[in-house]
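Data first, discussion second: the structure below is written as structure tokens.
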Amino acid sequence: MMEKMIFGRYVPIPSVIHKMDPRSKLIIIFLFVAIIFLANNWITYALIALYTFFMLGLSKVPFRFLYGGLKPVIWLVLFTFLLQLFFTKGGNLVFDWGPIEIYEEGIRMGLFISLRFFFLILITSLLTLTTTPIEITDGLETLLTPLKKLRFPVHEMALMMSISLRFIPTLMQETDKIMKAQIARGVEFASGPIKERIKAVIPLLIPLFVSSFKRAEELAIAMEARGYRGGEGRTKYRQLSWRMIDTLQVGLLVILTILLIIFRS
Amino acid sequence: MDISLSQVEYRYQANTPFERIAIQDVSIDIPTGTYLALIGHTGSGKSTVLQHLNALLVPTEGTVKIGEHEIKSHQKNKNLREVRQKVGIVFQFPEHQLFEETVEKDIIFGPMNFGVSEKEAKARAREALKQVGLGEEILEKSPFDLSGGQMRRVAIAGVLAMNPDVLVLDEPTAGLDPRGRNEIMEMFYTLHKKRNLSTILVTHSMEDAAKYADQIVIMQRGRVMKKGTPTEIFSSPSELVKMGLDVPEVVRFQMKLEQKLSVKLDKVYLSIEELSSAVAELLGRGVRT
Amino acid sequence: MTKKPIISLNDVCFQYDGQDNYALHSVTFDIYEGEWLAIVGHNGSGKSTMAKLLNGLQFPNQGKITVCGLPLTEENVWDIRKQLGMVFQNPDNQFVGTTVEDDVAFGLENMGIPREEMVLRVQDSLKKVKMEQFLYQEPHHLSGGQKQRVAIAGVLALSPSIIILDEATSMLDPRGREEVLEVVRDLKNENRLTVISITHDLEEAAKADRIIVMNKGEVYREGTPEEIFSMDEELIKLGLDIPFSVKIGKAFRQKGIDLPKHYLTEEELVTELWTSHSHK
């Protein structure tokens, strides 16, 4: 039952986007989040849409996986749309029914803001769909390296992230096992009033905590025994390689930025 | 309580691209009072079978009968709690399920979930502790202050206190030292005899299977490969070896001896005592080579 | 075999904080270069504490430990760890990397080995444990035995002179146990490693060059497997067991079959029965 939760993330297929350096992907995402606010008319939104769908196409990620990422936020998008629709005034009155008044500007703003949301979600989920969590960690670590000068613990953060990623499946298996053991002892996780259900979680959580602490302790010992003494003087096995495609992709985004600046009103 | 599995199949994540058949066409009968050993390598499907024995998993095909209850796929399976009360499972490394503040509270947790009064549950806790060879003085201790071996026993006591009719044991001695292993196995056997329990032992150990079980089921790649009494199962040891399975040490020794001396003993012996007598008699008579 | 001590323990005592009893008391022995030493004892006999001390994860309250000529002190501990690789009991809790190759590289990264050399060493050591097919595999797709072999590869990559197996096979199924022991046996023969295996598996100990039996934090007995297994009932009293061939040999003797000594393998015993009893 636990296995279902993890997939829907990384989709291992060969595509240009998958092969890109996580650093370029992260740079593109950050830039994209910024420049999407430049769009303010139909032509600029059309450019953004064109770019987004072009990237989706390159990634070859099947639509249902994208939909999986959209599903949880679709209500939020709808809500923002309605909010803008009813409360933005300006332009011609299009619809008038008692207290409800809808203006031209309301429709425009509603559409624009929900589209902005929509594209943001698509592009960011494209990152997680085409990049393994460990690649993202590596990318972040390298990009954040300058922060080391400010005594920000970049290496430690990255190590923590990669160890957490490593142990997620292990903890999932463990949760499943303890859950079954407690069900066999008469605990009902899935039914009963909410108070009972919260109580039922305790026999699951405590053993999980206890075993996680034990794991953490043993892991620390094992790491020490293998000569780990902090980030200093360490070399790195995992390597990132910036290729032509990465430069091209960043270039493409720069062109998009320029176009947006030219065509925005 | 009789248990029977007929043509049980289980698929993990059925109807998804990740679908995987864990077991198929598994039929096993476990009449009341049977000591059954379920043997197979990791991944052979034996843990999946185990989880069907108290409806932790519902078969995707076929039927599981536990006492009066019939568990099938595509139907609402009611009163699973009744089933679970009757079938106690000792999971691998059961000490991982301990969570209460005191040993006593942890042991009475199971029985009280199934509606036993606190007074009755506490009486059972004392009884169960005695069975697993621990003293009452630890009742008020935190289970997390105990040694690994003691924690294991407390967890087992928590299952015994539910007074199950059927006891399912998943590698109950994994990680214990030889003395602990022996004590725990003997304890379960005594209990099996005394309470006329049905016992299902999931194990890698051919020794334990040969020593305690009256029925053995061997699983391989999700299917039942062989079933029968220990004598039946081990009477053709070379077949098991060919399947990549172990045979008990005694049987292996008998094989080697028969080969070397070019003789065939009248039957397969499952204990050192019997085998050594048979060999002594054979050598006494003199072997013609 | 030249008997050159690679590790010496001299009157070592150790007590955990807040405990009344000594976990180890006045322990003195040598471990020789190139030998396979099994340290056996029931759970709580002090054998696991020994592993922690040898690696400098704990320091003795009293006494001295010397590893590869260096006294084991806080200053030397990192140099000593380079000489001495450890494989722990739980296969999951020592797997640091997100994939097999990353995990093997972890120790190398810690030592600051250049990347080009790391790649070679990772591949080479995975080949030695027969796991080269699994370079990119994630740990939760591996069996216990495979994870332990990766852990061994991680140790080998640092080319230590000593490898300590701290109950490394106790959580494995029989197949996994055999895989791991076979790999260690091969490695020992090829690389002149010193192997210290801390275990309660007596079948495993029977194949060692020498056995030390621990009880209540003290060295109870030390000797070759033959010597140790002739202790017989005494071992069972210590919470241990005796190998099958010794057990059945004993039964034969009781039934009046004359056997001159203890046999540590079934083959030897079968051969003995064949030579001395079948040609009447």
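Per-chain residue numbering starts at 1, and chain names A, B and C are given in the order in which the chains are listed.
Here, a contact is a pair of C-beta atoms (placed from the backbone, for glycine too) under 8 Å apart; a residue touches a chain by one contact, two chains touch by 3 or more.
Worth saying up front: this structure is predicted, and the values here are computed from it rather than measured.
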item: Farthest-lying chain, centroid of Cα atoms versus that of chain C; value: A
item: Result of counting contacting C-beta pairs for B-C and A-B, higher pair; value: B-C
item: Distance from chain B to chain A - Cα centre to Cα centre, in angstrom; value: 45
item: For chain B paired with chain C, centre-to-centre distance based on mean C-alpha positions, whole Å; value: 30
item: For the chain A and chain B complex, residues of the former touching the latter; value: 3-4, 7, 174, 177-178, 180-188, 202-203, 206-207, 210-211
item: Chain C-touching residues of chain B, taken from the complex the two chains share; value: 41-43, 147-149, 174-180, 204-205, 246, 249-250, 252-253, 256-257, 260-261, 272-273, 275-277, 279-280, 283-284, 286-287, 289
item: Residues of chain C touching chain B in the complex; value: 42-44, 143-144, 170-171, 173-176, 200, 202, 236, 239-241, 244-245, 247-248, 251-252, 254-257, 266-267, 269-271, 273-274, 277-280
item: In the complex, chain B residues that touch chain A; value: 12-13, 18, 51, 54, 56, 81, 84-85, 87-89, 91, 94, 96-99, 109-110, 113-114, 144, 158-159, 162
item: Chain A to chain C touching residues, read off their complex; value: 134, 162-163, 165-166, 169-170, 173, 214-215, 218-219, 221-229, 233-239
